[in-house]
Amino acid sequence: MTVLNLDDPLFATYVIAATLMILKAVSMSWLTVIRMMQENGGFRSPEDIRKTPFNPAPSPAQLAPNDRVERIRRIQMNDLENLPYFLVAALIFVLAGPPLWLAQVLLYAYVVTRVLHFAAYLTAQTHDMRALLWTPGSLILIFITLWSLVAAIA
Amino acid sequence: MTVLNLDDPLFATYVIAATLMILKAVSMSWLTVIRMMQENGGFRSPEDIRKTPFNPAPSPAQLAPNDRVERIRRIQMNDLENLPYFLVAALIFVLAGPPLWLAQVLLYAYVVTRVLHFAAYLTAQTHDMRALLWTPGSLILIFITLWSLVAAIA
Amino acid sequence: MTVLNLDDPLFATYVIAATLMILKAVSMSWLTVIRMMQENGGFRSPEDIRKTPFNPAPSPAQLAPNDRVERIRRIQMNDLENLPYFLVAALIFVLAGPPLWLAQVLLYAYVVTRVLHFAAYLTAQTHDMRALLWTPGSLILIFITLWSLVAAIA
């Protein structure tokens, strides 16, 4: 039995991987904010072109999609399609009692591939490169989920 | 060690904050349903303009974006960009053994700022106001995540 | 107290339901990949129409929304609006110590309704049918969340 205690190396491995992924995800929100401020646009709601202290010279063009802002929103959407499932699957996985080395390899490799995928997406590398960097993370997610399922029904 | 038992006040604090946030998130789905029925539109799939008992007089205009429905979808999207990460980060945080008062202040403050953010978004307050109400929740999320990461690697 | 151990039938019930839902969600990503390859389009980023080994004859039409790809993206979005909340709510629910039969009925029924909802969406059944298959899952989610909240404050 894995004890949900930071002294347990399996649980500590989970906490390190999970918190790094959450920080990565939250930073997409802030990166969106930064780019909206830099571009003075890329807004989404009709009320965002009301005159305010932060938007002293509003214009309807501020509601048009902005390439630099939309790129971060696509990255954030890709996070949403992957990270919430990883965060739960990885918790279940460490509770299913895998070997420590296996948990460390898989969870930390997941973190690394997501950071590389982010770097490739941010700098507009090819679709092939993005696919190459997304695939191992998705396979790790499937593997740890199947492992836990088999452990639960065995 | 925090025991995952409702008699543990740290875990009970988590459960109260988490369930309130989940109920908030789920109610966005129902609010979308209600507004689609009120507006008789804001649908998304081509098959949604087939004639059915609930849609006896279909029209292609029902697939056009509807402002009142799209507002709820934007609020729901904002929830998705924040709540799943909070739900996992807050669980890890209470397992990392923070002082009870700190967990109560941070988790309940998070809930309050999300409800206020929702109220501001629903009533189309300014972008500045929305940003003001989103920021403390995001900072709380970053704080509890960093706290847990530091506790895991210390 | 529920022990987070696969020998505990409540926790095993959670793990089975949760892992099945995660596998379902992850397969939407792969189904999107498959359809983008079949359609040779439905891409989203400007760099996706660069010439690469996987895209030897790029064209701007590849960035246009593709019906078969967009359908999977809508299904994936519906998963996102539901599954992350279910995954956390169901974990909290089993920790709140419900009767085993109740947890089994509710969590497995949730899984079944989500699979049926997917089948209806994939085959473009009517909006009425989709609503009929979405509703019980959402009510189960609300029920298990309220149960946990009441257990925490009682």
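Lettered A, B and C in written order, each chain numbered from 1.
We take it that a contact is a pair of C-beta atoms (placed from the backbone, for glycine too) under 8 Å apart; a residue touches a chain by one contact, two chains touch by 3 or more.
A quick note: this is a predicted structure, and the numbers were derived from the prediction, not measured.
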Numbering shared by both copies at the chain B-chain A contact, with half separating same from different: different
Superposition rotation for chain A onto chain C, Cα-based, multiple of 5°: 120
Intercentroid distance (Cα basis), chain B paired with chain A, Å: 17
Residues of chain C touching at least two other chains: 4, 80, 84, 88
Chain A-touching residues of chain B, taken from the complex the two chains share: 1-2, 4, 67, 71, 74, 80-82, 84-85, 88-89, 92, 95-97, 121, 124-128, 131, 138, 141-142, 145-146, 148-149, 151-153
Residues of chain B touching chain C in the complex: 3-6, 11-12, 15-16, 18-20, 22-23, 25-26, 28-30, 33, 43-48, 50, 52-55, 76, 80, 83-84, 87-88, 91
